[in-house]
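Presented sequentially are two complexes of chain A, the first with chain B as partner and the second with chain C.
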Partner chain A sequence: MTVLLGIFLLTLLLITAVAIVRARNLFVAVMLMGIASLLIAASFLLLDAADVALTEAAVGAGVSTVLFLSALSITSERERASSSRPLVSLVVVTAAALIVIDSAFDKPRFGDPEAPVHSHLSPWYIEKTQEHMEIPNIVTAVLGSFRGYDTLGEVFVVLAAGIGVLFLLSSGPGFGGGKSTPPWAQAGLRHYLIPRVAGRLLIPFILLLGLYIQFHGEYGPGGGFQAGAIIAAAVILYALLEGEQHALKILPQPVLTGLMAGGAILYGGIGVIGMLLGGNFLDYSVLAADPVKGQQRGILLIEAGVGMTVTGVLLSIFHSFAARRR
Partner chain B sequence: MSPLAAQMPALQVVVPMLMAPFVLLLPKGLSWAAAAAASLLAFGIAAQLAATVIDSGPVAYQMGSWPAPYGIELGVDALGALLLVVVTGASSLALVGGRASLAAAVTEEREHYFYAAWLLALAGLAGIAVSADAFNIFVFMEISSLASYVLVAGGPDRRALPAVFKYLMMGTVGATFYLIGIGLIYMATGTLNLADMDLRIAGVADKEPILAAAGFITVGLALKAAIFPLHVWLPNAYTYAPHIATAFLAACATKVSLYVLLRFDFFVFQQNLSGHALQFSAYLMPLAILGILVGSGVAMFERNVKRLLAFSSVAQIGYIMLGASLVSIGGLTAATLHMFNHALAKGGLFLAIAALAPVAAGLRLKDMGGMARRAPWTFAAFVVAGLSLIGVPGTAGFVSKWYLISAAMELGAPGIALIGVMVLGSLMAVVYVWRIVESACFGKPPENAAQAAAVPRPLGAAIWAAALANVYFGIAPGLPLRLSSSAAASLLGHVPT
Partner chain C sequence: MQVLGIYYYWVFAILLMIGFYAVIAKLNLVKKLIGLTLFQAAVFLLYIAMGKVEGGTAPIYGASAAVFSSPLPQVLILTAIVVGISTTALGLGIVVRIKEEYGSIQEDEIQEIDRR
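Then we have the complex of A and B:
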């Protein structure tokens, strides 16, 4: 049954991918990308990878669709005729795909407990998560602590992306030039009663879900990345309903920059505190008298940092695009 | 080792990385000072690490105190230390000298974003150099790439945007290839730690996934390192970036990717995949030779000075790869030494360009007319760095080319052909450097160009520091030589004889 469902999802994914490449209307392509992300998320869920499925759904299908649409609104909807040579690209891509497919035949059987990925490091993670952290979600233990340095790096990747968009879009014509704000930016969908009522009803629940995922990461799937994306989505929904300017009034750009930078500083700062207390960088065991408590405290704090930076960056990017349009 | 000294590998990355978000929050006037201070501190840490490596061998560090391969391990060996000195040195020199030039390129209200991106680029490159974990290298590659796209797009020249878009697309393809390769290796070995991978890959070596992974990783990194013919993103990115950013990135960015390529190839693949050394040479040597000849050839006919130097970089990457493709102690010593020496020469040249740019609008060869009179001191430094680029005796460039020639001699008859290529490449370098000198000494200054260049003092000092370093390390190459021969020994220590 799982196999059948998997084949079904992947076939749909393939069809969607071809449709994305063939779509000449970029709006259609963006919508199809959202569908592709949702299909990937479903496939992840089918493989019991709940954490990545949640991330893919929140980031891929959710926020990035909104960001693509904001980008589209400052450019044209039609794709320009490409000047590149499609035949050469096709040959290269096909060759690369064939190599990957070929090497997939040599991969361990799906779900094989003897596979290297299951037999080498995983037993240690499973054992030590209980011993050092006493939390049920091993994915959070690996991401937050055992490989916490990678996650710190990912936070800085997100920060770098935010800095890049703010830097690039804060120049040239159309930025804060004192031009009058178009009516939609002030009012959003304010005059459309049904989306507004339904949307406003949803926002508190989305925020609550975001906070739940943020602080429940040790116990269930989730964590700062997903929570940040969901909270940002709630604010963006508010912006769409009430007007982007109103959202910016509640969370102005300095606050968003503070969130962006503050989250990264919080995460890195926890690492430095670990150093000052006599451990290595990102050693949470020294954060409390009881190493287990220290690990739990460290993971909670760094997840908060992740959530802050992701929320701040996503909203900054959204507002930067909107500002370009003004 | 004192507790602080033991923390150096982590601090090498953490200091510039954590300063970046602070730069976003600080008052705008302080951005440059904060970035320069963090960069200088990082340089101090790199020097300290290099001293430790020379005295007592490689340094290892466990992130979060988790033992390798379960946690992420950092490891600084001679090659890493050499690279760290290059990366942090280039960043510091460019920042200290570049304040005025950058202020002209980046408007004040957004300069804090620029300096934050600079620090992230520095932290990303340093993070790659200290890491001993394949996936961690990918994460820091992403940080450095995203940040360097911002640096390249930073200037007022709108042509930078298409250039950076190309750079972004090709960089993303390169990083994705690397990630696919790591994924395949992880599937077959279950580990991400490079040393652990080396041990575990032996049992599964000649299986399809590992062979495919070797291909993906080599091609992906070659793309990021701008190895001919995958260099097409480089010339325009270097040409249209702000001059100071070009000086920083040209000195070290591609070398960090070369470093990962060498490390991965020699530590993980060489001794495990049958016949890999031969394939490595057979694949890279022709590309290196073509890179030297085509890069130098295009540079000879290029009219824009920055693009001329960028194509010369393609050729110089060719020399580094040529040394590596010999898979011998001599070749690898020459390759790693040339990474250091080329950074000195090219960093100095681009810094001088930054100083000359205000009086040579457009930076075409004819705009350089009369530069030897208009900016005699700066141009003299430019010539010194140019001589090092050619490889004139007495300069750093000569030392690495000499080692490269001696390494080629060991090959016997085919080595003579390689030496021929090197001599030809150097002669071509004489031509393209001479074209700039000719215009500067004998050309007429363009009309209504400023007669004398007012070079800010810090920039002048930075340029001369780079020029004198080219001479110093040409006469006394002991320090980089010790690091690169030890790097070569450790790279080759993994290859069965």
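Then we have the complex of A and C:
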């Protein structure tokens, strides 16, 4: 049954991907991207990756669609009928696909417990998580503590991308500074009863879900990356319904910039505090008298840092696009 | 199970190449970014499929579960998704600035303007 469902989802995904590339109207392509993201998220769930499915659903189907649409509203919706040498590209792409498909026969059997992925590092992580930090979610343990350096780096990449977008879009001819904001940005969809009522009902629960996922990430699927994306999605929904200016009144840009930088500083700061207390950089064991409690405290704090940075960056990016003059 | 396994690898290859086709053959810059996102998604799918264990469950300790799928690829991809959307946003920001400076997001038109 699961096999059939998996094949069904993947086939739909391929059909959607072809439709995305063929669509002349970019609006259609972006909407289909949302569907593709949802299909990928469902496939991740079938592959036991609950945390990843949650992230893909929040980021791919939610935030990414909004960003592409706001970029389209500034540029243009229609793709001119032209492509460079489609036949040559098609030949290259088909040849490459055949090579990759051919190499698939040499890959380890799907689900093989003896495959290299499962026989080197993973058993160690699965075994030691209980010993070192006593939290049920191994993904959070690996993300926050065992591979904390990687995650720190990734948080800074997200921060750097956010700073880049702010730099790119806060100058040039299209920078309106709020003077010539279009009517929808001021009033949003407030005149439409059904989206407004439905949105008002949904937003508090989306925020609550985001906070639950943030602070329950050690025990169930979740963590800072997912929570950040979900909270950002809730605020973006509010901005679409009530107008961008209203959303900026609740969370002004200086606050968002503070969240962006503050989260990254919190993460790095926890590492430095660990050093000051006599441990290594990002070693949380020294944060409390009991090393296990210290690990748990450290993971909770750095996840909060990750959540702050992701929320701040995604919302700053959204507002940068929304503030451009058309 | 075996059929599904091979199918995951094939879908990875085909999705990867559909995305790559959009990047090299389409002239619209937004379409190129969409292709790049598809390319990324294919890689994500490969990693997660590699981490799956037969009869395993999500790597979260429960009451009875004994076999877990590998948590490591999941961690890598989880962070990669968020980094991916940030870099896509950066790309879209650049496209918006190009549109404002050149008045077009078609690669051939932009090159035409540059040649003048």
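Definition applied: the second predicted complex is superposed on the first by the 307 of 326 C-alpha atoms of A that agree within 3 Å, B and C clash if a C-alpha of one lies under 4 Å from a C-alpha of the other, contacts with A are read in each partner's own complex, and residues count from 1 in each chain.
Note that contacts are C-beta pairs under 8 Å (C-beta built on N, C-alpha and C of every residue); 3 or more make two chains touch, one makes a residue touch a chain.
Just so we're clear, the structure is a prediction, and the values are computed from it rather than from any experiment.
**Student:** When the two structures are laid over each other on chain A, do chain B and chain C clash or fit?
**Tutor:** Here chain B and chain C can both sit on chain A without a clash.
**Student:** In the overlaid three-chain picture, which partner chain does A:Ser285 touch, first (chain B) or second (chain C), both, or neither?
**Tutor:** After superposition on chain A, A:Ser285 lies in contact with chain B alone.
**Student:** Tell me which of chain B and chain C touches more residues of chain A.
**Tutor:** Counting contacted residues of chain A, the larger count belongs to C.
**Student:** Quick check for you: in the superposed arrangement, does A:Arg147 touch first (chain B), second (chain C), both or neither?
**Tutor:** A:Arg147 contacts both chain B and chain C.
**Student:** Mind checking the angle chain B, chain A, chain C on Cα centres after superposing, to the nearest 10 degrees?
**Tutor:** In the superposed arrangement it comes to 60 degrees.
**Student:** Is A:Leu168 touching the first partner chain B, the second partner chain C, both, or neither of them?
**Tutor:** both
**Student:** For A:Val117, is the partner it touches chain B (first), chain C (second), both, or none of the two (neither)?
**Tutor:** Touch partners of A:Val117: chain B and chain C.
**Student:** Figure out whether A:Asn25 sits in contact with chain B (first) or chain C (second), or with both, or with neither.
**Tutor:** It touches nothing on chain B or chain C.
**Student:** Considering only the touch criterion stated at the top, classify A:Ile74 as touching first (chain B), second (chain C), both, or neither.
**Tutor:** second
**Student:** Contacts for A:Lys107 in the overlay, against chain B (first) and chain C (second): which applies, first, second, both or neither?
**Tutor:** Touch status of A:Lys107: both partners.
**Student:** With the two structures laid over each other on chain A, which partner does A:Gly262 touch: chain B (first), chain C (second), both, or neither?
**Tutor:** Once the two structures are laid over each other on A, A:Gly262 reaches chain B alone.
**Student:** Rounded to whole Å, what minimum CA distance do you find between chain B and chain C in the overlaid structures?
**Tutor:** Superposed on chain A, the two chains' closest C-alpha atoms are separated by 6 Å.
**Student:** Once the complexes are superposed, what residues of chain A are shared between the chain B interface and the chain C interface?
**Tutor:** After superposing on chain A, chain A residues 100, 104-105, 107-108, 115, 117-118, 121-122, 125, 147, 150, 154, 157, 161, 164, 168 contact both chain B and chain C.
**Student:** Spell out the part of chain C that touches chain A in their complex, as residue ranges.
**Tutor:** So the residues of chain C in touch with chain A come to 1-22, 24-28, 30-31, 33-35, 37-38, 41, 44-45, 48-62, 67-90, 92-97, 99-101, 105-108.
**Student:** Can you list the chain A residues touching chain B in their complex?
**Tutor:** By the definition above, chain A touches chain B via 99-100, 102-108, 115-122, 124-125, 128, 145-150, 153-154, 156-157, 159-161, 163-164, 166-168, 170-171, 257-258, 260-262, 264-265, 268-269, 271-272, 274-275, 278-285.
**Student:** In the complex of these two chains, what residues of chain A are touching chain C?
**Tutor:** Residues of chain A touching chain C: 3, 6-7, 10, 13-14, 17-18, 20-21, 26, 29-30, 33, 36-37, 40, 43-44, 47-52, 55-56, 59-60, 63-64, 67-68, 71-72, 74-76, 79-80, 82-86, 89-90, 92-94, 96-97, 100-101, 104-105, 107-113, 115, 117-118, 121-122, 125-126, 129-130, 136-139, 141-143, 147, 150-151, 154, 157-158, 161-162, 164-165, 168-169, 172-174, 219-221, 223, 225-226, 228-229, 310, 313-314, 317, 320-321, 324.
**Student:** Which residues of chain B touch chain A in the complex?
**Tutor:** Contacts found on chain B: 3, 7, 10, 14, 17-18, 20-22, 24-25, 61-66, 69-72, 107, 109-110, 113-114, 116-117, 120, 123-124, 127, 135-136, 139-140, 142-143, 146-147, 149-150, 153-154, 180, 184, 186-191, 200, 204, 207-209, 211-213, 215-216.
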